[in-house]
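For reference, chains read A, B, C and D in written order, and residue numbers begin at 1 within each chain.
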Amino acid sequence: MPMKVGFIGLGIMGSRMAANLLREGHDLTVYNRTRAKAEALLGSGAHWAGSPAAAARGVEVLITMLSEPTAVRAVAEGPQGFLDGLNAGALWVDCSTVNPSFSREMGGACDRLGLRFLDAPVSGSKGPAEKGELAFLVGGAEADVATARPLLDVMGSGVSHMGPVGAGSAMKMVTNLLLGMGAVAFAEALVLGESLGIARETLLDKLLGGRMTPGFLAGKKAKFANGTYEVEFPLQWLHKDLQLVSTTAYETGVVLPAAHATKEVFGLARRAGLGEQDYSAVVEVLARKGGA
Amino acid sequence: MPMKVGFIGLGIMGSRMAANLLREGHDLTVYNRTRAKAEALLGSGAHWAGSPAAAARGVEVLITMLSEPTAVRAVAEGPQGFLDGLNAGALWVDCSTVNPSFSREMGGACDRLGLRFLDAPVSGSKGPAEKGELAFLVGGAEADVATARPLLDVMGSGVSHMGPVGAGSAMKMVTNLLLGMGAVAFAEALVLGESLGIARETLLDKLLGGRMTPGFLAGKKAKFANGTYEVEFPLQWLHKDLQLVSTTAYETGVVLPAAHATKEVFGLARRAGLGEQDYSAVVEVLARKGGA
Amino acid sequence: MPMKVGFIGLGIMGSRMAANLLREGHDLTVYNRTRAKAEALLGSGAHWAGSPAAAARGVEVLITMLSEPTAVRAVAEGPQGFLDGLNAGALWVDCSTVNPSFSREMGGACDRLGLRFLDAPVSGSKGPAEKGELAFLVGGAEADVATARPLLDVMGSGVSHMGPVGAGSAMKMVTNLLLGMGAVAFAEALVLGESLGIARETLLDKLLGGRMTPGFLAGKKAKFANGTYEVEFPLQWLHKDLQLVSTTAYETGVVLPAAHATKEVFGLARRAGLGEQDYSAVVEVLARKGGA
Amino acid sequence: MPMKVGFIGLGIMGSRMAANLLREGHDLTVYNRTRAKAEALLGSGAHWAGSPAAAARGVEVLITMLSEPTAVRAVAEGPQGFLDGLNAGALWVDCSTVNPSFSREMGGACDRLGLRFLDAPVSGSKGPAEKGELAFLVGGAEADVATARPLLDVMGSGVSHMGPVGAGSAMKMVTNLLLGMGAVAFAEALVLGESLGIARETLLDKLLGGRMTPGFLAGKKAKFANGTYEVEFPLQWLHKDLQLVSTTAYETGVVLPAAHATKEVFGLARRAGLGEQDYSAVVEVLARKGGA
């Protein structure tokens, strides 16, 4: 059954997720900071909202897919924010990657306003977003997951309900920590091996797809081989996620020495101008010589 | 065809490797710092050598399987060292995990003495050693690999000839770096997830065996679940290998920030008394509270 | 000339700063989360305010001295927050140690409300607070510094006007980064030296007060010598400040590898139960054995 | 009373130390890998030795001032090494910065040969070497220190007898660890401050010479201000020393997380081409943008 849905955030991921909802017949109102990114969707029948609040008016479910907590806060609570536009009982599904305490803060704000809330960050990048094969890591009440499920099933192929509000973001922190640390571990192994005279091709052949490296790296083989890193998941976003991990670890009182060293390697890569390339480009900042 | 073989170093790994050679009919002379560890082999027909030099006398191939470069140097070049005992043209196969520059130094010493040398560290721990399923990473001349191959094939199920002397140790540094970094990455992800209220069981189920973690961790699931870490590969040896990686990276001029942070986490674990447990026990030093 | 002043936050530092203002004849209204800490001041003539807003009503200058940004935000913008209580044109002087972007955010909020704002974190701990010898690092408009100066001169003995709003907090980040890194550098040097057989007393004699270590450590000599760390500046606050440094460095795009490693050492110390001792106790977490 | 002295290693430091001995009237025989560096001394009356062994023949005291343990080992134990050239009872004073276990190994080798040994690394760089104002950190027997003292007093202005053989190198590790960590702490503070808009000049004025930074940095002010780092103590040597610290900490079983992060920052600086500049140039690798 078609639902009335608001969608805020039409970047690489959001635009593809929204297109899938539209294709499935949902009644979609969209908002984005720059309207240009909405044009294709508008041409396919989506409605334009002039503000976050306008995108929220009258919808059953509002979906946000933004880059970071500050951006989410701005459209939610800033001027013409959507928390003011939603009807009582409406459901906000935040698919952005944010820290768990931020999710809980937003959940609390919804509670006080008589709104419902799910944190539902996604696993998967551009390709899966396009094919509707994202995996959702969801935190919130069972009933709210049930409300959102028809939409999540259109945008993705798996929903893991991890627990109460914040649990989706919690699991997302864990997975992106593994993503970042796995990438840097492989990068350091690669530069060590190359420095010892082993050809990069040999290292890639021996190490990717085997039991020494995580599966998510196998798909990056051509990138490492060619030294060109067409973006799937931008390095600067993973750097941002590692900063959220740092904040989160401080809040929960755990110590993550290698995660912080990893974060700073991404920081170096970003300073070196690799922020908009795929995160696997992190290897280059350790591989290249000179240049400080 | 049976060969006359010397074998030095009868620890967890070496005793099992030697037993396989003996079973296959090779004429084995063994030496170990403490004779007690040799008794089972002696009962099966191995000869006892009273010194490293004695173990080397008259053999075609001498195999060493020791804990670290210093230990290898002691039996090779120390008092009654085997370099004095080997016949001209004999082949030394060093299966110990050492740094590549040490392998090259030993290769150079052999050269000057008219001896042949292979560095041939192994992948695989206690179980594969027992079953003769180790994988050898070998550096040296093709002809020397050919000489050693019948023995390597008895002790293992795969020989990767990586290049000239030092290349086997080089690849071993790379793989053990991935081992250590993968273990600590998973440890940090686990403690972060638990600190956020996700049950350890859920984290193990979601993360092990999937694309977010390397395959070598999947076999450790019961260890993580029970919090008991029966040793397969002792934590203190992996710590040692990471120190060799540090030395090697300094020598080749590469920078490995996360590897060094990882090394220090293993150092903390060792100070906390976990050195003789399996290396996967590293998670405990980050998971437990109190205790400094 | 006596001023009408509100004061929020009566911890170790704030209570002593407020007492000095009161002694100098200023008309002081105070608020603290727990009233008990205010009793001594109330006995000396301060007025009690039942809420942050009440502490702000009618004052010319409102001073806050709280533990962290979240705490400042709560009393400023939370329920009965003081931003609603201040008269137009009143000046808020935030002496808390917070990150610069937070100071700028608060400055912006004041701007929009017709209020004035200074960030004015302090250098110095319990002793200097008591004697009115704190050093203020101030960001804001010249005119606002002039308004605050009579009060700052009572509470401290030096005012460094660093630049516009946020510049005081910026300099405070820099100094506390040096504090944390200096303490851990000395801790690591100390445990290295002791592990090599040099007596702690010898190390303290040779290294403190000389050119190898910063001056702020010389005053900690008795603490290191006795292994007891009576609190001047609690370890957990410095840990918090290093987390703010991490956030700030991410925001400005700089990479601080050693600062992050330092932060995690403080995190270990806190997990080990040292959070409420003096920050110099960080040495103990590296010095002690066992205990994970 | 003039002594018969051999001197090996005529770099920045060694050439100045030897010149002072010569000026004081000692009978000096010198050896250096490249003879060119010896010419000035030969012109002033020093004798040339064609090999390390030749430099040792007939001397009462042999002094070495070399860049690292490997270089020391080469001239001591390599072909035509000086351990073969020294008369029984002669004293070897090693002024090189090496790790304590290496000093103890050399001490042990001397013992077995009936030679005497002191480890006597120096504090101070080019200037103090020239003026004979070095500070010696000495490990060894009291009687051997007494023998060496007339020479040490010519080359330096202070002798700290730290304990038995190895104790001088131990204290040197401690001080150079503080040197490296202090420099990187200041570098990180500087780039953080600059990223927040505080002028470098302001930061230098506020921070150098005060209680927040160690005294050894105050003399580097002009370097930081100009961004040119005329060498006093080359960055690559301090990097080497931090690697020796890493080896040492592994050997003694202590954990130094921030020291290792610091070491890797120096590694980055070296890769960026700053190795031959003064170690204070480390700030540049964190300050500059781009360039990976």
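We take it that a contact is a pair of C-beta atoms (placed from the backbone, for glycine too) under 8 Å apart; a residue touches a chain by one contact, two chains touch by 3 or more.
As the structure is a computational prediction, the values presented were derived from the model and not from experiment.
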Farthest chain (mean CA position) relative to subunit B: C
Chain centre separation in whole Å, for subunit C relative to subunit A (CA means): 36
Distance between the centres, which are taken as Cα means, of subunit D and subunit C, whole angstrom: 40
Centroid distance [mean C-alpha coordinates] between subunit D and subunit A, Å: 51
Residues within subunit A bordering two or more other chains: 249, 253-257, 260-261, 264, 268, 271
Overall pattern in which the protein chains touch one another (line/ring/star/complete/other): complete
Interfacial residue positions of subunit D with respect to subunit A in the complex: 257, 261, 268-269, 271-274, 284-285, 288-292
Subunit D contact footprint on subunit B (complex, rising order): 240, 243, 246-247, 249-250, 253-257, 260-261, 263-264, 267-268, 270-271
Of subunit C, residues touching subunit D in the complex: 100, 160, 162-163, 166-167, 170-171, 173-175, 177-179, 181-182, 184-186, 188-189, 191-193, 195-198, 202-203, 206-207, 210-216, 245, 248-249, 252-262, 264-265, 286
